[in-house]
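Structures incoming, each one as structure tokens.
Here come two complexes built around chain A, the first alongside chain B, the second alongside chain C.
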Partner chain A sequence: MGRFGFVLRRLLLTIPLLLGIVLLVFLVLKITPGDPARQIVGLRATTQQLDQVRQQLGLNDPVLVQYLRYLGHVLHGDLGYSYKSLQPVSDMIAERLPVTLWLLTFGTTFTLLISIPLGTITALQPNRPIDHAVRGAGLVALTMPSFWVGIVLILLVALPTGLFPAGGFGDTFPDHVRSIILPAITLAISIAPFQIRSMRTSMINVRRSDYVATGRSMGLSEPRLMRRFVLRNAAPPTISVLALNVGYLLFGAVVIETTFALPGVGEGIVLAARGRDIPAIQGYTLLFALLVVAVYLIADIVTAVMDPRVEIAS
Partner chain B sequence: MSLADDLTTQSGESSTEHTFATERTRLPKRVWVGVAIVGVYVLVAVFAPVLAPYDPLAQHLLDALANPSSAHWLGTDELGRDVFSRLIFAFRVDLPVGVLGAVLPAIVGTALGAIAGYFGGWADALVMRTADVFQAFPTYILIIALVFALGQGVVSILVAFTLVAWVAYARLIRGEILRIRGLDYVQAARAAGLPSRRILGLHVLPNGIGQTLVYLPSDIVLATLGLAALSFLGLGIPLPTPEWGAMIAAGQPFIRDQWWLSTVPGLVVVGFGLGLSLIGEGVEEWTQR
Partner chain C sequence: MPLKVLSRVAAVALLAVTAAACTSSPGPSANSSATGSPVRGGTLHVVRSESFDGWDQDKAAAYASYQTLLAVLEPLVRFNANGKDIEPGIATSWTYDAKALTWTFTLHDGVQFSDGSPLTSADVAFSESVWAAGPNFGGLYSGIKKVLTPDPKTAVFQMSAPNTTLPVQMSWASSGIIPKNYGGRTKAAFDAAPIGAGAFTVVSWSPSGRIVLARNPHYYIAGRPYLDKVQIDVVSDANERAVQFQSGQYDISEGVSTNTAKQYGASLIALPASQVEHLSLNVTKAPFDNPKVRQAIAAAIDYKGIAGGPYQGYASAPAGILPPNVGHYAPPSLPAPALDLPKARALLAGSGANTTGTYEVIYDSGQPNDALLAQILQQNLAAIGIKLKLTGLETGAFVGEAFGVKSDMVLWSYGAISPDMFDPIGWILGTSWLFTGDDTKRLKAEYDAYNAAQSDAAKLTIVTQIQDENLQTGQALPLASFQVLQGVSSKVRGFASAPWGMYYWDPIWLQG
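The block that comes next holds the complex of A and B.
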């Protein structure tokens, strides 16, 4: 079975997982107290009106029927209508998702810009002063709430310099870039310590391996050894760790979008939860779970392409 | 090689092993620094009513957003409440909820993982397949959805943390138990006719739980940060109960002029996290020696 077979099998394995995810989202919101029909018609409606809405929403059907209907709607991209704005939830997501993708793209880029050099330096000089300094800084960074880091950046950078807005996303492309820089740095500060640590470990392991020693004894220069063997072999575990952190990254996006008033899906789920908007929170939760599944999938495939041994192991 | 040679190398080895052993038994210094920091936090939480100069909920609207002074060390918030008193009383929310937010999932996960690992079969399948579905979700997104469903408050937060976070502990202890189950002393206990409840509780679990305990301090940091983040978003501890994350959120609109309202509670969070991280890192290093 070749690489194609591995990718295909990996794709098929996600199907039962997706069904489980939809079921869990459905059940979590099913146990939510409060009558959705009552929320729509208001407190003054008559029992008759209430019953009519319940019938329309299908709330009188057995739970299994409701789940299958929900699953059918989800498969057609229909996530229902927001109780608050009465907009289709899929439209709300479509409007907000680009902002979050901006944040995630810039945030991941900054994370790599911080963690690749620092991971390399600490791996090259383990237990030296620079290593201790980076690890100490990482320890502190991991205890800082990301929203607090964001507020401190607003206080110390945005307000005094005026280069970056303290919140919002702006209307033009340059505005977007200016508004995304500080949130992306905040996100990078909360993720980079994990990345640096895993990069350091995997690079130290690769540098100790026999084939690097062989390369060195054959007279390959250190920079060439580094590029050709060490970085290439240290990359797959680093990508896996970045992918494993995606759940943490997405929660970071939720918190940071709220801190900087960025109109992304992260702020969306918070507003939906505050407004007790059940269809919206259902849609956003599903979206976040799908993003995680997609990232795991992509990471597995990229790792398989970079490291041919993966298909043998699977 | 002569016998004499053999003896000298052996004695040489045992002397290095001896110094190594004394070093091993001693915990690194930073563990004690961490214990001291966490100890101070616990004392502040216990003695909050004595330490706080004012009622943390008492509003004085005429005295709102006052600057720090000898009367109000950290000024007052937008409702004229004493910020220092609120900060002190918040210790009584963040500390217990943060600790329980890590300890409860650890207990539930260890119990389920131990049962799955020791008995195997359908118990194992049931526990581990449930774990798979929970693990597909981004942890805190699921926590937001669960707290939304259960209603805000300490109990729902702890239930949500436990439902979502037990998975990692279950996997950890299951792996350990699969390893220990086959060891001679467990076989001996089984041959001696001890009931499985006793073997599991007295002979297997105590030997497999080390890893879980080593990770516990850093998990308390994560739970505390998670609680603060939920409350910052307005989805955690309901107002007006003082809580660090909620205080940071409440101060954000006034960041330009009353910058201490948001920044000081954050420093308090960092201090608690650092104390626990020093303990966690130090103990981890100690066990790896």
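The block that comes next holds the complex of A and C.
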């Protein structure tokens, strides 16, 4: 089986994975206390009205029947309607997803902008002062919760300088860019240390390999060695770590979006949970699961493209 | 939802002319904080924590939703910011007959919906049919038998029982006037893009996101609204709201948390206390079915500590269970319970009840003050040997448990949302006396008597009676009477909020 087979197998594996996630999300929300009917008809509704709504929603049916019905709808792309607003959940997600994608894109970009140069420098000068300084700074960054970093950036950067808004996403493209910088930096600070460490380790290992030593003995220049051999061979494990971190970024978005009041899916799931809007919670959770699966899949594909050993292994 | 009250002018008229009509006060309240001439234009940026429940009036469950609905789907009359009076709005006057069985509302000349179509009594009658059909608030309109439309400017409400509080109800956000037959659209289409006669029209909205409203060019109050637009954002984190307000991104921050109040500095407005935090004891379960146990608990609570602690001074020990600073408020004639541990221990010892178990207090975990309050109560009652298990539930689950009267105790707060005691009394009635499991037969009779009473004196007597009953039974213990806090930028003029935190956007203008 070649690389195409490897990718196909990965794609097929996502199907049972997503089905399992749908089941898990459904069951978890099913066993949590609270009456969805009350959410829909309001505090003053009578028992008869509540019963009527339960009947209409099929909440009196066996759980298995409810699950299969929900699964059928999901497979047809129907995530249901919000209990609160009666809007299609897919519309709510579509409204919020771009903000989160902005955050992820900028967060990933800043992570790479921080980690690639620092990872390279530390790999080139292992156990030197610069290496210790970068690793120490990374350790400090890891101990700081992202919501705290966000608040510090708001108080020390946004408020005094006025260069960036203290929160929100703005109305225009320039507003969006200004609004996303501090949240993206916050995200990058929380994951860049992992990325730097991964890149440093990979590069050191590659630089110590026989083929690099051979190249060096053949008179290849260090820049050429780095470009042609070291970076390329150090990339696959770094990409895997990046994929893991992007998955982490998604969940970090819940905290960051709340801290910076960004109207993305992270904030959406918080608001849906607070309002016990079950269809919305299910929709957002599935979206997160889908995004994580997609990110890991893309990472697998990229690794397969870059690393011939993937083909051999598969 | 609470009721509305006749204006003070109307009330005086009622006392003077027994069988006559009551009439309205002169006009929409002037803004007490306004200085200079109103400036037209600008966008008001508002931030709040609560999500909007949508444009279906029957589904409104949050102050934020009531506030927003009023701006677009304006009801017949308006509340005064003093929290006690009703003012003319779409209806310029309202009268009732000698038996208070028929109310006649006269509409303002030339009122139009925001699409330019005229608003007539037929729209009022249709709107009433929609309110009454709602599963949530519909029952509150069951006293209206029929709405007659003798002419386009007159709507006559026929009541099934004597009622002197209908105008109060006609100021509720759930009583917004909508076009007959939804203006030819389906209900779903209407709720997605509503048309009303309010000061603003809907430009865009989403339930948990941004709402943008624009000036209604056909608004019936000449010159208003002053603002071009109102933009409302939902920010769930209290600190983030405070920071964004400080940075100038917002002009008004609604419902400021006591934890962040100091961050607002001089921009903080603490409204008169209008909310009551209460601990409700389940009288259908032992040992809380024993009055002496309830009295012992009442005497074991540190009311001053609660007002100064979780509420950081924006509260006081309450006189009774009904919220103050609302029309027809009257204090109880009996003294409020106070911390007296020897008395509490003596009452408990003399109760003969077995209180050795562990009793569950449920509270809404979405209310940060309530978690802290529950811990204070746990310590207070431990002093007399009563053990509490604290269960914080997410709002939906909490509401379900509370309405089911399943737990031993419920910790929650409530307040009026319209200027009359009819409102909170109705809430107490609809919640088995604040989730205590009381059968409320007596309260229902008092509620009906209140609605029928034609004099202020009679209403005040009933209010005192209800306050005293609660103190005597000790089933719902008032813990604190607290204030609603608002953050209002210095450039905002014309802001005038009722004690419960609702205000109109149309008198507001921006300076500078």
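To be clear about the criterion, the second predicted complex is superposed on the first by the 312 of 314 C-alpha atoms of A that agree within 3 Å, B and C clash if a C-alpha of one lies under 4 Å from a C-alpha of the other, contacts with A are read in each partner's own complex, and residues count from 1 in each chain.
Basically, a contact is a pair of C-beta atoms (placed from the backbone, for glycine too) under 8 Å apart; a residue touches a chain by one contact, two chains touch by 3 or more.
As the structure is a prediction and not an experimental result, all values here were calculated from the model.
A.B. asks: Using the overlay on chain A, decide if chain B and chain C clash or can fit next to each other.
C.D. replies: On the superposed model, which is not a single observed complex, chain B and chain C clash.
A.B. asks: Applying the document's definition of touch, where does A:95 land relative to chain B and chain C: first, second, both, or neither?
C.D. replies: It touches chain C, and chain B stays clear.
A.B. asks: For A:157, decide between first (touching chain B), second (touching chain C), both and neither.
C.D. replies: neither
A.B. asks: After lining up the shared chain so the two structures overlap, which partner does A:244 touch, if you call chain B first and chain C second: first, second, both or neither?
C.D. replies: Once the two structures are laid over each other on A, A:244 reaches no partner at all.
A.B. asks: Please work out whether A:71 is in contact with chain B alone, chain C alone, both, or neither, and reply first, second, both or neither.
C.D. replies: neither
A.B. asks: Taking the superposition on A as described, I'd like to know which of chain B and chain C A:263 touches: first, second, both or neither.
C.D. replies: second
A.B. asks: By the touch definition at the top of the document, which applies to A:168: first (chain B), second (chain C), both, or neither?
C.D. replies: In the superposition, A:168 touches chain C alone.
A.B. asks: Touching A:285, do we find chain B (first), chain C (second), both, or neither?
C.D. replies: first
A.B. asks: Check the residue A:85 against both partner chains and state whether it touches chain B (first), chain C (second), both, or neither.
C.D. replies: second
A.B. asks: Can A:42 be said to touch chain B (first), chain C (second), both, or neither?
C.D. replies: second
A.B. asks: Go through chain A and flag every residue that touches chain B in one model and chain C in the other.
C.D. replies: Shared contact residues on chain A (touching chain B in one complex, chain C in the other): 32-33, 151, 154-155, 159, 166, 258-259, 270, 273-274, 276.
A.B. asks: Which part of chain A faces chain C closely enough to touch in the complex?
C.D. replies: Chain A residues touching chain C: 32-36, 38-39, 41-46, 49, 53, 82, 84-87, 92, 95-96, 151, 154-155, 158-159, 162, 165-168, 258-261, 263, 267-268, 270-276.
A.B. asks: Would you pull the chain B residues touching chain A in the complex into a rising list?
C.D. replies: Within the complex, chain B contacts chain A at residues 132-134, 136-142, 144-151, 221, 225, 228-229, 232-235, 245, 248-249, 252, 255-256, 259, 262-263, 265-266, 269-270, 272-274, 276-278, 281.
A.B. asks: Over in the complex, which chain A residues touch chain B? Could you list them?
C.D. replies: Of all residues in chain A, those touching chain B are 17, 20-21, 23-25, 28-29, 31-33, 139-140, 142-148, 151-152, 154-155, 159, 166, 246-248, 250-251, 254-255, 258-259, 269-270, 273-274, 276, 281, 285, 288-289, 291-293.
A.B. asks: Going by the contact rule at the top, pick out the chain C residues touching chain A in the complex.
C.D. replies: Touch residues, chain C against chain A: 51-54, 56, 58-59, 61, 135-137, 139-140, 188, 191, 206-210, 233-237, 239-241, 243-244, 246-247, 249, 366, 393-397, 399-401, 403, 430.
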